[in-house]
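By written order: A, B, C, D and E. Residues from 1 in each chain.
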Amino acid sequence: SSVTTTPARAEVKEVRLAQQFGIGYLPLQMMREYKLIEKAAKKLGLGDIKVTWARFSGGAAMNDALLSGNVDFASGGVGPLLTIWDKSKGNLNVKGVAALNAMPLYLNTNNPKVKTLKDFTANDKIALPSVKVSVQARTLQMAAEQAFGPGKYDVLDKWTVSMKHPDGVAALLSGKSGITAHFTSPPFMYQELRDPKVHKVISSYDVLGGPSTFNAVWARAVFRNDNPKMYKAVVNALKKSMEMINADKNAAAKVYIKQTHSKLSLKFIEKIVSDPEISFTITPRNTMKYAKFMYKVGALNTKAKSWKDYFFPEIYGLSGS
Amino acid sequence: MPEKPQKITPPLRPEFERGLLDTADLGQIRRPLSKWEKITNITLLRRVLILVLLVSVWQAYAVPLKNPLMFPTFTNTAYAFYDAVLNGSLLLKAWVSIKVLLMGYAAGVIISMILTTLAVATRLGNDLLVTLTSMFNPLPAIALLPLALLWFGLGNGSMVFVLIHAVLWPLSLATHSGFLSVSNTMRMAGRNYGLTGIRYVGNILIMAAFPSILSGLKISWAFAWRTLIAAELVFGVSSGSGGLGWFIYENKNELEIAYVFAGLGAVIIIGLGVENLIFRPIENATVRKWGMQN
Amino acid sequence: MIPEITEEVAEPQGSATRPLLEVDGATLQYKTKEHLVTATYRIDFKVYTGDRFILLGPTGCGKSTMLKGIAGFMLPDEGTIRLNDGVITGPGPNRMMVFQEFDQLFPWKTVKQNVMFPMLASSRFSRKDAEKQAIRFIEKVNLSKFTDVYPHMLSGGMKQRVAIARALAMEADVLLMDEPFAALDALTRLAMQEELLQLWDDLRFTVLFVTHSIEEAIIIGNRILVMSPHPGQVKAELNVHQFDHDNQGGEEFKKLHDKIHNMLFADRILEEEAAPHA
Amino acid sequence: MIPEITEEVAEPQGSATRPLLEVDGATLQYKTKEHLVTATYRIDFKVYTGDRFILLGPTGCGKSTMLKGIAGFMLPDEGTIRLNDGVITGPGPNRMMVFQEFDQLFPWKTVKQNVMFPMLASSRFSRKDAEKQAIRFIEKVNLSKFTDVYPHMLSGGMKQRVAIARALAMEADVLLMDEPFAALDALTRLAMQEELLQLWDDLRFTVLFVTHSIEEAIIIGNRILVMSPHPGQVKAELNVHQFDHDNQGGEEFKKLHDKIHNMLFADRILEEEAAPHA
Amino acid sequence: MPEKPQKITPPLRPEFERGLLDTADLGQIRRPLSKWEKITNITLLRRVLILVLLVSVWQAYAVPLKNPLMFPTFTNTAYAFYDAVLNGSLLLKAWVSIKVLLMGYAAGVIISMILTTLAVATRLGNDLLVTLTSMFNPLPAIALLPLALLWFGLGNGSMVFVLIHAVLWPLSLATHSGFLSVSNTMRMAGRNYGLTGIRYVGNILIMAAFPSILSGLKISWAFAWRTLIAAELVFGVSSGSGGLGWFIYENKNELEIAYVFAGLGAVIIIGLGVENLIFRPIENATVRKWGMQN
């Protein structure tokens, strides 16, 4: 980076991270549980620092908190990361810190007639977190383009409905609200699939041609410039938490339950965490596909040449995509 | 005994009787107004001034803040508004919202009138209103989501349902309190003419409690808006047909904050319009004219 | 102006044998959380069709309360009030009331609309007739120029006159008037008194009239119920049909005036004695 | 009860030379969107310290409006109203007003609290003195047993008496009383009149008193301003300091009564002539 | 000339004068009440009955519905409530919410009083209130988010800010309309005693407009709750365990709908408690006692 920071400059004594709800944020929960940031900071010679964890129910508020300087690290889906990178370019210069995972997203349905995307009719309603803009919506658009031909990415949009994950699950399972399909993420999609009437139509892995990053962490450039060691500590802690999860899935599942006060069974969580489709890694996977698609449909003003455009250099060594 | 202090006695004056004055210039008598008074007498002018002031403060705050992703300047917002009206479909979206809003508002007002009529007619009705209001009024719209979905499915039905929830309770509270405050003499006068039930409520109570009802209508109008904007997000709308709430949400997600503010600006403009073009004329033609409010 | 009446004082006979209104041991109370106020206590009296029945007594003796009972706004806690042999259970447009308070006009109606309102509300008049009637009676109370003005623009006395016009225009069988002329100046009052008597002579309604002026009682009424306060009770009933404005100055009139005056004076224990009891 | 006064009628001299209150060509108007009502038109009069000044005139002639002007609730649209040589610009506790309406008591205060309120609000009395004073004046209006009752439990006449007590207790320099005794029965009224005169004799305040009873005007006042209506104008000013309750029956009294009566009668063009103009 | 029909003439009756009655049994006179009247006279009983009825309807609807993900039965909810109180920290969370709520409510009430006092004192204040209310009242809390974050950061400051937004406008509307409806005589009486400014507002207007203010307080209390629940979701929790809103959100995410309903139940119970333990006693001790409401 162009700004060189003098090591003598005092760094902040407190770092503030924001997380959302869901199994995808398990690495952050591990970091919190085991005080990984505190430990990493000590190793880097920062002494005793304070870590504050804020929880948000949605990405919009979290971004507001980041932009107003109330949190230092935000986390969320790849879509929002690309959006905030695009919009803050030349101003706050928000970029990704690292990926949190690679996770599939499933489009489930309770309509037995629907086997592929082409089977959806006007009688179907597809619930997803937010029409047109959420990761699920983007993925659906990409799938639609693959199914119906170039340029026809928005043919299914008119049947989509915005709904928060749990509401979508309730709507799909109760079968009374007109919702016949739900594009969602773990653990909700697995909860749905426990019902024999529900089956999977597509997975985001099919659309993207392999494992893809669902969640990531991002931060403002100014924080990284002013607090290089603290930033490094967070990245190190992230790496450490991935290692710990991959080393002991059972323990990780326990942490999840403890941190989220979840009433789900340990077995169920452990099964999800150990699912071969799901991996916890800081390496960005298949994010460029989103970046290209979103640029193509006009959702991004900037064309990314590489995933490195929207991530900070600390992870350039990885084989991201 | 000491002498008392002398008591004041008014002087004696001559009596007189006199003829009536010429009243020709009666209509001309007016207290002269200073220029300043004349100018400040124009309500519109004063209000526009307030708006200009607010806008200036906004601009003065936002420009040095330099954080367009959080708080865009007025000029940026104005441009976004202009753009959204011209190229986007802000007007159409506002119209979509207003249509649903009016349905929900009307339904809420009607139900509220029924409930409050019951409440003044019977003691059980009174208990019902008081209990229901204190129970349901504090509930956020999110609580109604499952019921709305079960009963009305997706779409306007559910939206109207939550709008009723937004309108019904505050309006009922204000109306009911207004009804209870009607003076006994006025009540007795009405009942003396044989009015009972709905005619009594309609001809006496509603009229006599009109100031309270009007403030209830204003409050619930505002809350209908708040709820609508929020509900459009929760209930979503099948894409394409969203209203203002959706416009705001979409732009927020895309971090087009100037457009978000433009959407909110539309809400404000509609609010100002409704106040100045609907509520104020109603007020002038009723409670002001009748001397029930000053 | 005053009807000729046979001088014989006897129990009523003939067509008017049965009283129109019969108050029988009526006790009327106000209850609040902390107080129980007995406004009238075992009041008895009978009013016959065509009576100009005066309720006279010191302030707070329960005159207004008694009228409210007859109008049907309060039910007696003891005893009964019967109209045409039926027990009164609620208000109705056959008993038009003029209240003592100035806020009895509907502020949202003009003077004319206020006068028309009971006629329309009770469906006794067509809109056209109601309007004609309203204009006629507004003229009678000398407010023609204020026909289309809202009540808040009227002076106290003018408001009361509108209320009087409203009640009279209904041509109801029974008129209940609670100090209707109290806010009027001497001359307007005189005119109103004459107007009322004239109307009575034409229509022969029955009127219960509350006043605190002994003179007015003697002039307006044919029978006076004298009440004593705390709790309001019947003290006497007197005949005063012989008197009207013309013999106001006379010896007889003065004698009767003084008699009533003394009757009330004797009773002058005032409110000191009784008060709300727990 | 009535002070001895030298009979010579001359321009005032000595200590009381300067009038306390000077109304000089005062025109008072009500403005609404649609109407402009001229309630009083170029009224002139002077009130001296110790005057018991009566405003007399038919309903709607602007008596209440005139008092409102003096109290400072309305500013004249023409002319001036001066008190102690200063132009009146607003209300103040040196001019205590008794209103004509029944809703002038504060419903959230008991009778005693109502009477105490102006004394405390104007900081003229300590709480203890105010309470003593309140109890004293509540007794004077014969409502001792209702000291701790809320106004809604009082009859019309009782409410007005509380209002009178509230005004009197302040012992203000100027009392403005708008038909204070209208809702009272003959006897209570008599008692109140006597009470007022007694107090006046003790304290020598100045009182402006609106009444529509010619008798009351003659008894209470020392000077009467006779007004004519539409718009309210000065018709005459008369001296009546010679009369009180004791010579009420006398020849002189009757002559004066008839004189005033005729004066008002002559003016009986009533409201027909004038009405709100655009 | 034809003879007129005979006019009715009332009969002549004997005069009489009589002594006073014995008033010994004065205190005993009461209209006898039937048993039914006596029972239905107990407000609490009637209200509890209504609650029981509502619960029965709920249970009767939910059991055959068999859709616990959308609408759990009453018994399930009751159990969840019991569990959340005992094992979870429902009470603690409710307390967290109430604390913030009270802060925001109090701040809103104070600001509202200042604003309405200004509004009755000066014409510019009046314009300011009317304009601000019609502009900001319809705005959803989301609109305030950026400002709240910029000024108060995460945490209670921002929450109080949006709560003020929820309380301020409806309360001001109700209060202002109440102020304007105070009778002229009462105003004049107050001003006659030399009251001006804040003392005039406090001693006369607030008291005389108390019924309106009370209904405004009730309405804004309810809206403070609604906003709080919603705001806790938006703002999330920065530390500690969050309040009721977060409890509802967490359980919703877990699809523990019975617990969601238990959380909402807590809101309802608090609402009923506040109505019956705070607002009703206040009403009884003020407007009822004063005869300003029946």
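The rule we apply is simple: a residue touches a chain if its C-beta (ideal position, glycine included) is under 8 Å from a C-beta of that chain, and two chains touch if they have at least 3 such contacts.
On a predicted model such as this, the values are computed, not experimentally measured, just so you know.
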Number of steps on the shortest touching-chain route linking subunit B and subunit D: 1
Partner chains shared by subunit A and subunit D (touch criterion as defined above): B, E
Highest-count interface - the chain pair sharing the most C-beta contacts: B-E
CA centroid of subunit B to CA centroid of subunit E, Å: 18
Geometric centre distance via CA averages, subunit C-subunit B, whole Å: 44
Subunit B: positions in contact with at least two other chains: 67, 70, 146, 149-150, 252, 289, 292
Interface hub residues of subunit A, defined as touching at least two other chains: 60, 64, 68, 164, 167, 170-171, 174, 176-177
Junction residues of subunit D, two or more chains touched: 32, 101, 103, 153
Touching pairs - complete list by chain label: A-B, A-E, B-C, B-D, B-E, C-D, C-E, D-E
Interfacial residue positions of subunit E with respect to subunit B in the complex: 40, 43, 46-47, 50-51, 54, 65, 67, 70-71, 123-124, 127-128, 130-131, 133-143, 146-147, 149-150, 169-170, 173-174, 176-178, 180-181, 184, 211-212, 214-216, 218-219, 221-223, 225-226, 229-230, 245, 248, 257, 264, 267-268, 270-272, 274-276, 279, 287, 292-294
Residue numbers on subunit E that touch subunit D, as the complex places them: 183, 185-186, 188-189, 191-195, 199, 203-204, 207-208, 210, 286, 289-292
Residues on subunit A engaged by subunit E in the complex (per definition of touch): 18, 21-22, 52-58, 60-62, 64-65, 68, 70-71, 164-167, 169-171, 173-174, 176-177, 191, 260-264
Residues of subunit C that touch subunit D when the two form their complex: 30, 32, 35, 37, 56-60, 64, 100-103, 142-146, 149, 153-158, 161, 179, 182-189, 212-214, 261, 264-265, 268, 270-276
Footprint of subunit B on subunit C - complex, ascending: 68, 71-73, 90-93, 95-97, 99, 101, 103-104, 106-108, 117-118, 121-122, 150-153
